[in-house]
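Notes follow the structure.
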Amino acid sequence: MVANTRNLTSLALALHRVSLWLKSSRPYLMLIGFAGFLGFWYLSVEVWKLPRFSEMPGPTQVVREWFSKDPTYGLSIFVPEYYMHIWVSTRRILIAFFLATAIGVPLGLFLGWSERFKQFVFPVFELLRPVPPLAWVPLAIVMFRGSETPVIFLTFLASFYATALNTMLGVESIDVSYIRAADCLGATRWQVFRHVIVPGAMPFIFTGLQISVGVAWFSLVAGEMVSGQYGLGYVINTSYTMVRYPTIIIGMVTLGIVGYVTSAAVRLVGDYLMQWRTRELALGGDR
Amino acid sequence: MSVLPAAVQSFSPGAEPVRKGRIRINDVVKIYGADDTGILAVDHCTFEVPPGEITVVVGPSGCGKTTLLNAIAGFHSISSGSIYLDDQMLCGPGKLKAQPGPDRIVVFQNGALFPWKTNIENVTFGPIMQGAMSSAEAYDKARDMMADAGLRDVEHNYPGEISSGVRRRVEIVRALMNNPKILLLDEPYRALDSLTKSVMHEALLEIFYKNRVSIFFITHDLEEAIFLGHRVVIMTTRPCRPKKILDIDIPHPRDYSVLTAKRFREFMDETVAAVHEEAIKAFAAGEKER
Amino acid sequence: MAAAGRAVSSKVASFILGDDFWRGVVSIAAFLVFWEIGSRSQAWFGFAFPWVSQVPAPTAVLQEMFKLVQEPSFWNSALLSTVRVFEGFFAAMAIGIPLGLAMAVSRTFYGITFPVFEVLRPIPPLAWVPASIIFWPTQELSIAFVTFLGAFFTIVINVIGGAQAIDVRYFQAARSMGSSTWDIFRRIILPGTLPSIVVGATVGVGITWAVVVAAEMISGGGSAGSMGGAAGGGLGFFIWNSYVGGSYTQIVAGMISIGIAGYISSAALRKIGQWMTPWLSEN
């Protein structure tokens, strides 16, 4: 039977799921997990001072440094330099990610859609793929001028491969019945591409984009550690060489947060663009 | 849902016969794979689907009846023989694969409504893509047809939000929007429970009485076949060819009281043995469920 | 047996004679030609193509590779990198698979550990390098730890996904036939998760290569200064050294070697995976 879903806005659905979550045991288990993790860290470094752990910065140290108005090592949430580093890294990610998406998605769509195109292009694509992003660093420095472009190129490369591959997979996973139905209904090849292939591949494309953002951060940090100026990878690296250990952890945690936020942003955009899927999944479907 | 009485009035046995939508299958052979090591799926199959009638093809799973439907629809090629729709050769010597088109629309086994479009967007898809109507005209007609079929409430839902029985009905309306000459149904009710199935049967008949479109229907359910069809073609197990063709002379319009009628049981008796024989052969040959 | 051999050879023959093979060959050839022309553009045309001209030509690279293949130090580096990759990789499998299975089987355990896991996951493995160096006594161990992290997260996620996807009816069938919990684990959960483990492993090994190369470059000497000691050796270090020493052909030769090594690892894992899950290859 048809649920009266027209009246359920997406917001209502989301709130409903949150309330279900709160009533389950999950939030409490989560707290136990975090408490355990932080507790172990705290105890092993600051209280018991276990052999290997004693050199590490402890959680209270890190927290105090992170939130202090006048940090000993120069980086906290009150220091503008902190946000500059965040911005520099984020900006590089945004440029690389958008380039990778703009080139990778159409390429992936064509690779999946046209057998002939795939036969021509895919071998070259696969030839270059096994080379890890960081292995490109010296070559990138040689090829591109300046210090920004090589880093962005690295990030772009990793992101691009993930996006193109997942898009291609998405197209290939579309149930052939949809294409046949469109053919029966008189659609031309281009119409099939626009109305069936592109929307049909969307779920895969967005999964690919989430992976792509993660991979982008991976490459970016590597690139920044090797040859960057400014940026979170650079911060982590220099904090080590300048023996500012708590800042290392601050850098890592910040990276984790920013990485998570960018990934969640991609997922939210995907959820919004694919209302049909969100609703289907939320209502449990009826096959 | 019982709009049957109203539809009956528009359908009288004495009305002019429908002239379009005749399918002629002539000596069709289909071999998958290379010629010497291939699998023979269809073996010199010849029969006719009369216009304006429901023709049901019954056979064990994997016997090749879907291959025939795919050949008519243009999804697969044939190896030899020919298939005609009215005067037009769909496929045959020199052109082994038909071109899919809105004159023969398929309703798929697992449903093929586009999940990313609302139901009404699905329904208007055909005419808009072909440029046969403007968007406004298409939506008007779609609203009418959906209301007719009792689907007014789900116009703006996505297919994922409604039950599979309702989805089937939307899919049939989507097909009918294009005035096809023939509807090709590939075991459309296979996945439904028997209660929903019986409602779907009546709905299909009602649609048929209103639109007089030819219907080519594949199933493995003998009761369904005899209940719906003007003509039932019983296929042998793979490679398939017609084993027995029955003209079901139970008068239309039919409703579920037909199931207990004497004539119905007579047809069942006649055919059950034939179908059972083929089913045993298929079982022995180890046919896997598709 | 003979029939199988004939079937394989006829498949190979039809592949080579098929269109798709030749199209692939044409495109790779076109790519190489374009590369060659691009890198020699300055000399041949008098003006340089934008980026390609800085790259050494394929023919030069090929010559370099011939030389390299004959040098034992090159193979030492390759071996060193490979060893590092597999150390980290096997550690990730040894810890990741049991952890993933535990998380899939026990809702409570999952509830406790998964949030922490998800919070740590977005931190790129390389960001752990300094922390790892501080913590572990030797350079090798710190690289191994970072390598481990690279593959670990992927493997765990895949294992959980695979275990959760096992059709619940298999469990019901087993229970109704009187299986113990251990039996169920051994005969249903383990084989059922195997395909996902294989996928996780294949992807994980690629990530591990990327991390190893990165770690070798960083510890061998990044622009931010060396990170303590001569970790030395390994293909990543080799590439970085070639850059510093100005030998560009060696850079590309090194990149190609890494690519080949990575490809072989993934292909080998996929083959092992197919051997362990024969039921998947049957059509």
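So that you can tell them apart, the chains are marked A, B and C in the order they are listed, and the count of residues begins at 1 in each.
By our rule, contacts are C-beta pairs under 8 Å (C-beta built on N, C-alpha and C of every residue); 3 or more make two chains touch, one makes a residue touch a chain.
Because the structure is predicted, anything quoted here is derived from the model rather than measured.
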Inter-chain pair with the most contacting C-beta pairs: A-C
Longest centre-to-centre distance from subunit B, chain (CA-based): C
Centre distance in Å when subunit B and subunit C are each reduced to the mean of their C-alpha atoms: 50
Chain centre separation (subunit A, subunit B; CA means) in Å: 47
Geometric centre distance via CA averages, subunit C-subunit A, whole Å: 19
In the complex with subunit B, residue positions of subunit A that touch it: 1-3, 5-6, 175, 177-178, 180-188, 191, 195-196, 199-200, 202, 274-277, 279-280, 283, 285-287
Residue ranges of subunit A touching subunit C (in the complex, touch as defined): 25-26, 29-30, 32-34, 36-37, 52-53, 55-56, 116, 119-124, 127-139, 141-144, 214, 217-218, 220-222, 225-228, 232-234, 236-241, 245, 248-249, 251-253, 255-257, 259-260, 263
For the subunit B and subunit A complex, residues of the former touching the latter: 73-75, 100-102, 104-106, 108, 110-112, 114-117, 125-126, 129-130, 132, 153-154, 156-158, 160-164, 166, 174-175, 178
Touching residues on subunit C, where the partner in the complex is subunit A: 19-20, 23-28, 31, 51-52, 54-55, 108, 111-116, 119-120, 122-131, 133-137, 206, 209-210, 213-214, 217-218, 222-225, 227, 236, 239-240, 242-243, 248, 251-252, 254-256, 258-260, 262-263, 266
